[in-house]
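This is the structure, below, for whatever I ask next.
Note that the chains take the letters A, B, C and D in the order they are written out, and that residue 1 is the start of every chain.
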C-alpha cells in the first residue's frame, strides 16, 4: 500500500537528495538543517538501541520457552542482564543518573570490570592460540602468491617486535628490520590497500545510490 | 571443539569430569591461599572481583581443550552482563539526557517549551520505531528510520567520494620525482658517494613511486570485471594478486601482534593480580 | 574411516602442542626477570607524538576512544599514555566514545590518570582540565552534529554536568575549533571520523588502532588525511617511550618478541619441511 | 637536475647493492617521518658526509657572503598594485569574515637578483653565484607585515563610510596572510591553473573588531572609583591596572564600550562594569554592604583559576551567583524567568554558597589528612627499613625478636599505605562527598540551579551570535597597507571613478588610497568542492544508467571468476561422496552488501544441490537472514521440481553470539563431516576457527568475504577464496540481478577512469617536473596541464 511503502520510499529519496545537497551548501541555514536532522537522528537512534537489546532478550526467552537444546544456558543471560540492570539502577543508592563518587567503584562497575571486561578480553585472547596453530598448519609457500604472503608475514612479524632491534644491533644497524617493514608497509602494502579502498569506495557510493533511488529496498524489512 | 562420539567416550567423559572437579578445587585452593580472605577487613569487593575475573578467564581458556558447560555458562553470563551494562549505559547516556532531562527536568517553563519544540517530533518518531516489534504495525517504523537511511546514503555518497576517492587520487597522482633544484653539490665526489646521493634523492623514491603506481593500478585492474583476463590482462591481474598477497601477509604479520598482546594482557592479569607474583 | 580419525587425532595433538608452546613463550618472559630489549620509537609514532607535543597549554584535543573491553589489551595502554601526555602538556583532552560498552574503561582511565597527577600536586578536575563527554548514539550523525555544535550534541557530560558553561570547553563551539583530534579504534571508526569529521570540517586527525586495523590506514597517512598512526601494542610502547613513562605496553614487548620468534620458527620449520617433502617427492603436509 | 632518463633497471640493482653494502657500520639514524623518505635513511652516512662538505664550503664562502651583504641594497618597501587587491564578500562558510586578497610584490626574487648581481662581481663560477645568491636571500629576506585599516564612524563607532578613513577614524589590524582562508569564496577551483604563490589572503572578522555592545557603557567615573577602591592605597596597582590607568581614559572607554580592544583589557573592563553594578546595588540596598564588599574583594583579584586556594575558588563561584542575582530582575523583565523562579534562585544562592564553603573546608581537611598519611607512610617505611637493618645485624640471640619487629613493621607499613590510598581517594572525591552529605531536597535545588545557569549561558551565547551576525552583515570600508617597522605604504590608485551608474566620470587622482568595501555574508555554494559534485553526479548517472540497461539485458558481460567453478565442483563432490554441503553465513542484517551477495550465491548453490539431490545445511547468525535463506532454499527446490524434498530444518539459526556461533558451527562440521563448505559473507575473528576446523575435516572449502583483514586466513586454509569485491561480482554473475549487475558495471567504469587518471596523471606530472627547469613553449604548456590535473583532483577539507 502506498502509505506503507511508497511514502517511506519518497521520504528516503527526499532526505537523500537533501543530504547530498547539504554538503555543497555552507550557508548557516544549511548548517542549521544539518544540525536539526542529526539531532533528530541521535534521539531516534537512542530508541533503536533498546530495540536491539529487546530482540536479543527476546531470542533467549523464546529459546527457553521452546526448550531448545542448551536452553538452560540462556538462563544465565537473564541472570547477568537482570543483575547488571538492577545494580545499574540502584548504583549504590545513587541511581542511574550520575557516576558514583565511591572511591572503591560501585557494584555496577564491579560487575563490569570483573565479568564483562575479563570475559571478553579472555575470549578474544583465545584467538592468539588459534592463530598460532592455524599459521603453523596452513601457511605454506604452495605457489608464488602464497610464498609472497608467507614471506611478507614473516618479515613484518619479525620487524615489528623489539627483538629485531637487538638482532639488527648485532648486524650494526638496529633499525634495519624496522625499515624493511616500513618499506613493505609504505609501498606494496599501501598500493594494494589503496587499490582495494578505491574499489570499495565506489561500491559504497553505488550502494547508497541504489538506496536513495529505491532500487535497493531490503533494509525496509519484509511485509508489504 | 566437540570430538566425534566413540564407544570409549563414556570412560573418557568420567575422566574429564574428575579432572574438571580437580581443576576447580585447585583454583579455589590457590585463590584462598593467595588472597587470604579470612580476617577482618580482608574480604574486599576488589578481591572477590579479581578471583571471579581469574575464574572466568580460565574458564574461557578451557575452550581450547573443547567446548564445555562451564564455558557455555561463562559465555552466556557474559552476554547477559554486556546486555545489562549496555542497556544501563544507553539509558544513562542517551535517553536520559536527550529525552527525559530536557523535558522533565527543564529549569524553566520557557526551557521546557523550547525543548519540546526541538525534541517533540524525533521523540514521537523514536517511539514509532518501537512498532517494529509488532508484525502488524511495523510499517509505521519505516517513517522513522526510512528518512534516516536516506539521509545517511546521501551523506555517504559525497563524503565517501571526497575522502576515499578524491583525496586518494590526489595522493596517487604525484610525479615520480619532484625536480631537484639544487645540483650545486656533488660535483667532485667519488663515484660511490655520487651513486649514493643519486639513489637517495632519485633512485629509491622513484622506485617506490613506481611500485605504488604499478601496484595500485594492478590491484584496481584485478577487481575489474568487465573484461576477460587474457594475455596482458592476465599478467596485470597476476601482478595485482601479488600485491594483494603481500598486503595480506603484512596484515597478518600485524594481526599476530594484536592477538598475542591480548594474551599477554591476560597472562599479566593472572600472574600479577590473581597469583600476586611480585614483578 | 580410520584414516580420517587418525588425521583428526593428529591434528588435535599438533594443535594442543602449539597451544602449549604459545602459552609457554608468553608466560616465560614474565617470570624470568632482567630481560630487557632496548628499542627506539618508530618514526610513525614519533610523528604522532610531535603533533600532540607541539600544542600549547590550553589547547583542545578531542579523544574519541572507540573500542570495547575485548581490545583493551592493545588500546588501553595507548589511552593512558595519551591522557598522560595531554595532562603533562596542560592540553585539555575532550574524551568521548562511540562504543558504549567501553565507557567504564574510559571513566577509569580518566580518573586514574587524573588521580596520578593529583598525587603529584597537579590536580586535574573534570570540567576544567579535562572533559569526559561519554557516549551518544548514531556515530556518523553525531560527528556531523558536533561539526556544527559540540555542546548541543553533548548537553551534559558523563557526570551529568551541563557542558554549556564548562570552563574546559570555553572557545570550542564545533569540531572546527579543535587543535587536534585523536581516534582510537578497534573497528572502522577512524575512516568514519575522517569522512564525516576531519575531511568535512577540517581539523587534524591522528589515529591509534589495534594491530589488525593499522595496515589499511596507510593510504590515509600517505595522503595526509591522518597526521599520525599508532598500531597495536607496539605503537603504545613507542608512545610510552616517547613520553618517557614505560608502562604495560613496554613490559609486554619482551613477551611479544618471544611469541613472535616462536611463531616465525614454527612457520619457517613447517615450510622447510613442506619444501623438502615436495623435493623428495613425498607429500609434505 | 633530475636523472629520469637513466633506465630503471640499474637503479633497482644499485639500490639492492647499496643496501647490502651499507649494512655494516653502526650509525645513529636520523628519524624521518615522511612516508616516502624511508629508504633514503639507509643512505644517511653519505648524506652526513655531504653535509660536512657543505659546512666546509660555507666556511670558505663566508667572507664572500659578508662582502655581498655589505654591498647589497635591500629592495624598498612597496605596496601591492591596486589592480591586484580584491575584497570578497563571501569568503567564509558561516559568514563571519571578509576576505582580502592581494598579489604581494615579489621582494624575494628582487633580492635574489640583486644578490646575484653582486655575486657575479666576485666570482665567475655560475654554480657558486647561484648558491651565494640563494644563501644571501635567505639571510637577508624579511617578511613585511600587512595592515588593514577599517573605517569606523564617530557616532556609532561601527563602519560607516570611506570619509571616516580620511578623518582618521579607523581601527588598524595587523593581518597574517595565509593560504588556508581561501575556501568557498574563491572561484579559482576546478581545474583553473596559473595560481601565483605570491597571492596573500587575510580574513577580517567584523564581529571581532566591533564586538557586540555590552549591557551598559562604562563611564570614566566608574573606572576611577574602581581604581580607587580596587587596590589598597599603600599597594602598587597590579599590572592589570596599568593599561587602564596609563591611557587617557575616555577614548579607551569609547573603544572598549563599542570597539576593538585587546582581550585582556576587555576582561578588565568587564570587571569594572560588574564592579559598578555591584556598588550601584549596594547603594540601592539590593545587596547588603557586607556582600558588596566581599564581592568587590573577590572581583579585584585577577589571578587565574589555577592559582587559587579552595576557599578562593568557592568565592569565585559565589560571585557567579551574585552576578546571576544582579541579573535576575532583567531576566524576569525579559520573560526568561518567572517571578516564582527568580525567587527560587534567590533562595538557593545562599545554599550554593554554603556548599562551596563546605567543600573548601573539607578539601583543606582532606589535604592535611593526606599529608599526614603521607608522613605516616614515610615514617612506617623508615621504621621497616630500620627493622630490616636490625635484623641483618642481629646475632642469634636477638634474631627472633628482630624478626618479630620486622614483621610488625611490615604490617604497619601496609596499614599506612592503605591509609594513604584512602586519603588520596577522599581528597579526589571531596566535592561529591560533601554534596552527598546534604539533604536530598537541597541537592535537588542545587542541581536545578546548575541547569538554570547552563540554560542561561546557552541563551546568552545564542543572543551574542545573533548580534554578531547583524554586525557582520554591515558594509565595511577599509584600506590595505604594508609595513616594515615604522614605515607604512598604502595601496594607492591613480584614477577614481566618481558618480553613479549613469554618469560615471573617471578622474586622475595621484596617490589616492584604494578604499575597499565589503560585508561578510555566508556562502551558498562551496566552490572548492565543484569537482566532488561533478564527479559524484557523473558517476551516479553512469551507475543508474547501467542498472537500467541491466534490467533490459541481464546478460551484460562479466568475466568469469575462478572461485565459481569451484562451487559447482564442490557440490559435485558432495554428491559423489553422499555427504552434505555446509553453507555458513557471516555477519550482517538483510540490508548489508555481503549478506545480499551471500544469499544470491546461496540460491545458486541450493538450486544445484536440489538438482543433484544433495543436502545443503545453512548456518545463520541473524534471525531475519535465516528466514530469507529458508525462502531462497525452498524456492530452489520448487524450481528443481522437488518441493517435497525441502526440509526447513536444514536452514538453522544457530545463535547471534560470535563465539557460540563459531563453536556450534565447528561442532557440526566435525560431527557431520561435510564434503563441501561455503563460507560467504562478512567474518570477523572466528573466520580462522571455522576455516581451520573445516580444513581438518577434509572438505573442499570455498570462502568469500569482503572482510579484508580475514582474507589471509581464508586464502591459506580454503581451496578457493573470493577476495573482497569478487564476492559481489560472483553474486551478480550467478544471480544476474540487474541492481547488482548494473552497479558493478558502473563501478567498473569508475575504476577504468581511475586507472587511466592515475597512469596518465603520473606521466604528465612527471614529465612536467622533468621539464620544469627548462624554458620554452612545451614546458609552459606542460606546466599548465600539470597544474590543471592537480586542481582537478584537489580535495580540500
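Simple rule for what comes next: a contact is a pair of C-beta atoms (placed from the backbone, for glycine too) under 8 Å apart; a residue touches a chain by one contact, two chains touch by 3 or more.
Only a predicted model underlies this, so the values are computations on that prediction, with no experimental measurement involved.
Student: Tell me which of A-B and C-D has more C-beta pairs in contact.
Tutor: A-B
Student: Which integer distance in Å separates the CA centroid of subunit A from that of subunit B?
Tutor: For subunit A versus subunit B, the centre distance works out to 6 Å.
Student: As a quick test, compute the distance in whole Å between the mean CA positions of subunit A and subunit C.
Tutor: Each chain's C-alpha centroid was found; their separation is 15 Å.
Student: Quick one: report the Å distance separating subunit A from subunit D, using the average Cα coordinate of each chain.
Tutor: Spacing between the chain centres: roughly 22 Å.
Student: If a residue has to touch 2 or more other chains to count, which residues of subunit C qualify?
Tutor: 8, 11, 19, 22, 26, 43-44, 70-73, 101, 104, 136-137, 141, 144, 155, 158, 160, 199-200, 212, 215-216, 218-219, 222, 232, 234, 256, 259-260, 263
Student: Mind pulling the residue numbers of subunit D that touch at least two other chains?
Tutor: 35-36, 38-39, 425, 428, 451, 454-455, 529, 532, 536, 539-540, 659, 670, 708-709, 712-713, 715, 724-725, 751, 754, 795
Student: If you look at subunit B, which of its residues touch at least two other chains?
Tutor: In subunit B, the residues touching two or more other chains are 3-4, 63-64, 72, 75, 79, 82, 85-86, 90, 92, 94, 98, 148, 151-152, 155-165, 167-170, 172, 208, 213, 216-217, 220, 223, 244-245, 247-252, 254-257, 259-260, 262-263, 265-266.
Student: Answer with line, ring, star, complete or other to describe the graph linking chains that touch.
Tutor: complete
Student: Sort out for me which residues of subunit C touch subunit A in the complex.
Tutor: Subunit C reaches subunit A through residues 11, 14-15, 18-19, 21-23, 26, 37-40, 42-44, 68-73, 101, 104-105, 107-108, 136-138, 141-142, 144-145, 147-149, 152-153, 158-160, 200, 215-216, 218-219, 222, 232, 234, 237, 253-254, 256-257, 259-264, 266-268, 270-271, 274-275.
Student: Which stretch or stretches of subunit A touch subunit D in the complex?
Tutor: 20, 23-28, 31, 55-56, 59, 101-103, 123-124, 127, 130-131, 133-134, 137-140, 145-146, 149, 153, 169, 171-176, 179, 182-183, 186, 190, 196, 198-200, 202-203, 205-207, 209-210, 213, 215-216, 218-219, 221-222
Student: Given the complex with subunit D, which residues does subunit B contribute to the contact?
Tutor: 1-5, 63, 67, 72, 75, 79, 105-111, 157-158, 161-163, 165-167, 169-170, 172-181, 183-187, 189, 193, 195-210, 213, 216-217, 220-221, 223-229, 244-245, 248-249, 251-252, 255
Student: Quick one: which bits of subunit B touch subunit A in the complex? Just the residue numbers, please.
Tutor: 44-46, 48-50, 52-54, 56-57, 60-61, 63-64, 72-88, 90-92, 94-96, 98-99, 118-119, 121-123, 125-127, 129-130, 132-133, 135, 138-139, 142-161, 164-165, 168-169, 172, 208, 211-220, 222-223, 240-257, 259-260, 262-263, 265-266, 269
Student: Once bound in the complex, which stretches of subunit D touch subunit B?
Tutor: Spelled out, the residues of subunit D in touch with subunit B are 1-4, 8, 11-12, 14-15, 18, 22, 36-37, 39-40, 43, 46-47, 49-50, 53-54, 57, 127-128, 130-131, 335-338, 341, 447-448, 451-452, 454-455, 529, 531-532, 535-536, 539-540, 557-561, 657, 659-660, 663, 666-667, 670-671, 693, 708-709, 711-713, 715, 723-726, 729, 744-745, 748, 751-752, 754-755, 757-759, 761-762, 765-766, 768-770, 772-773, 786, 789-790, 793-795.
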